[in-house]
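Look for chain A in each of the two complexes below; its partner is chain B in the first and chain C in the second.
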Partner chain A sequence: MAVHSDSASSGKKSSNGPNELLTFNAENMQNNMKIIYYSRTFLSIIGGVVAGILGFTGLKGFVFYLLLMGLTSLGLVAKAGFSTHTYFDSWNRVLLDGFLGGLMSFVLFWTFAYDIVHIF
Partner chain B sequence: MGLGFLVGFLGFLILIHAAYSTIQYRGLLKITEEEFSGPPLNVVIEVTLGLVLCMWAALTVPGKFLSIHPDSEENRIVSLPANLDFMIFNHRYKVFSVELDVKLKH
Partner chain C sequence: MAEDLVLDTAIRDWVLIPLSVVMVLIGVLRYFVSKLMNSSQTPDTKIVKEGQVVVRARNLRVGANFIPSKAFRARKIYYCNEENGLLFVPKGQGQNPQAQMFSDPNMAMDMMKKNLSMIIPQTLTFAWVNFFFSGFVAAKIPFPLTQRFRSMLQNGIDLSTVDVSYVSSRSWYFLNLFGLRGFFSLILGEENAVDDTQRMMQMGGFGFDPSKGLSAEKDNLDITQHDWALPNFEQRAEAVLRKVIS
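Up next is the complex of A and B:
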């Protein structure tokens, strides 16, 4: 009995091995990506306002954005309970997706807040 | 959900207040004719607090992550009807109706 169940599980594993990447729930994956985009966009807007209030100019602001996104990634990984592979198929989804799109909103709100606080 | 929104709104209000304090500080500097070297300490504290609150809101408001493994515990019930092979279009009346027809004919 033990031998039989053992062989069955090993057979299942070997058949699952090559197409492991294809067998995930795409609907839930999309839901997770939506959550990531939401978090990143909101935090880049808030980060832009903060950078504008603190009066960052030039490269300092971009370094601030980099730090903020690193912090956000850390928060998202912590939200996933440090087991990213149950919720995402690769690390890039958590670390990189939404980075450039967020940068646009960051620069927009950065200049907006800087103008309001420091120039007018 | 409601709590997260409230916290995010509070963080945003704190940020607006910090911006207003900075504007006042710059007005003060204009009067005393000094250069702006950096934001005052209370603005930095307010901004940090607002950022932390907003970060908490940004991480909680969008909802929970769902597992993408097809064989995980929470996906079991959902994935069964998603597979069309498991859909059944038979029901008890299908058998019943024949008998009723037979009865009516007699």
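Up next is the complex of A and C:
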């Protein structure tokens, strides 16, 4: 995915030494946040289509969405080399950022695929 | 009691897909129209000056630990001094930017244009959906909802025994409205994605930002403590050099 190729590699903030000096390059941080957002949105759309085709209903679908978000977070953390503190300023950002927006897209495409495949 | 309704394939061909396609196209159209209609407004010098002062103060706050404490205190007084400090705005003057913004014809026109360009396509599409696509079951949402949602989701369908999962096309319109935001941000690239609900939330706090920004920045600067980083720099240099060598 082209989005991932230039992702966390450009997110430089000065690493903190033993005395916790934290400085952030705001532009790089914004770039990283944008990349998280794109990845989440893209995966929610794909995940929605997959869930619809596989015929998940009700709770199973939402569990699938949560799994998907967890997978996204894991992937992002792995790409950041497991040292998220050099690329983001807090854990919550990388874990929870595009969650709700992704949920709406997921539900839309889930409904769409489910209807096309199963009802009609 | 989940009886499975069998829905006509024609509904899928002529309702679901055209509605989604129309909404995507309208979103793209709106994006391009807004790019064309974006009159370049010459920014007000006073507002730009205040913005830059806030940025300088913020930089001072962020980099406070890298300059000697006397220098930091001198700069802090320069900003926060009660009489002629840059960030100090007496209460009376604070209202001016907002009043100026509304009386300035250009800016008012721009805000109105932005509002209109958001509201009109939504209203038109909604009216179109209501006129053409009402009175039948359009889609089935894959998760069950309680009975209270029935009136919201099924407003064209007057049977009360139909499962709440079977929704009318109006709810398909709303679902599209919210769900396509993420899609737009992918295909239109960057922040220009038509994120109208977010912009509507931003419209509320627009005019009042400059005066509050100044006093907020002043308060932030007042409470910043100075903790000079130089004594510990040797350890940092050692750590970095170790990483480089090893």
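For the reader, a short list of remarks on this structure follows.
Note that in this section the second predicted complex is superposed on the first by the 98 of 120 C-alpha atoms of A that agree within 3 Å, B and C clash if a C-alpha of one lies under 4 Å from a C-alpha of the other, contacts with A are read in each partner's own complex, and residues count from 1 in each chain.
What we mean here is this: contacts are C-beta pairs under 8 Å (C-beta built on N, C-alpha and C of every residue); 3 or more make two chains touch, one makes a residue touch a chain.
No experiment lies behind these values; they were computed from the predicted model shown.
With both complexes brought onto chain A, simultaneous placement of chain B and chain C is permitted, the two fitting side by side without a clash. Of the two partner chains placed around the shared chain by superposition, chain B is the only one that A:80 touches, whereas chain C remains out of contact. When the two complexes are overlaid on their common chain A, residue A:38 makes contact with chain B and with chain C alike. Applying the stated contact rule after C-alpha superposition, one finds that A:109 touches chain C and leaves chain B untouched.
Contact with neither chain B nor chain C is seen for A:70 once the two complexes are overlaid on the shared chain. Following the chain A superposition, chain B and chain C show a smallest Cα-Cα distance of 9 angstrom.
Of the residues of chain A, those at positions 23, 34, 38, 42, 52, 116 touch chain B in one of the two structures and chain C in the other. For chain C in complex with chain A, the residues that touch the partner chain are 4-9, 11-12, 16, 20, 62-63, 65, 139-144, 172, 175-176, 178-183, 185-186, 190, 229, 232, 235-236, 239-240. Residues 17-19, 21, 23, 34, 37-38, 41-42, 44-45, 51-52, 56-59, 61-62, 98, 101-102, 104-112, 114-116, 119-120 of chain A touch chain C in their complex.
Contact residues of chain B toward chain A in the complex are 8, 11-12, 15, 18-19, 22-23, 26, 36, 38-39, 43-44, 47, 50-51, 54-55, 57-59, 61-63, 65-70, 72, 75, 79. Interface residues of chain A, counted against chain B in their complex, comprise 23-26, 28-29, 31-32, 34-35, 38-39, 42-43, 46-47, 49-50, 52-55, 71-72, 75-76, 79-80, 86-89, 113, 116-118.
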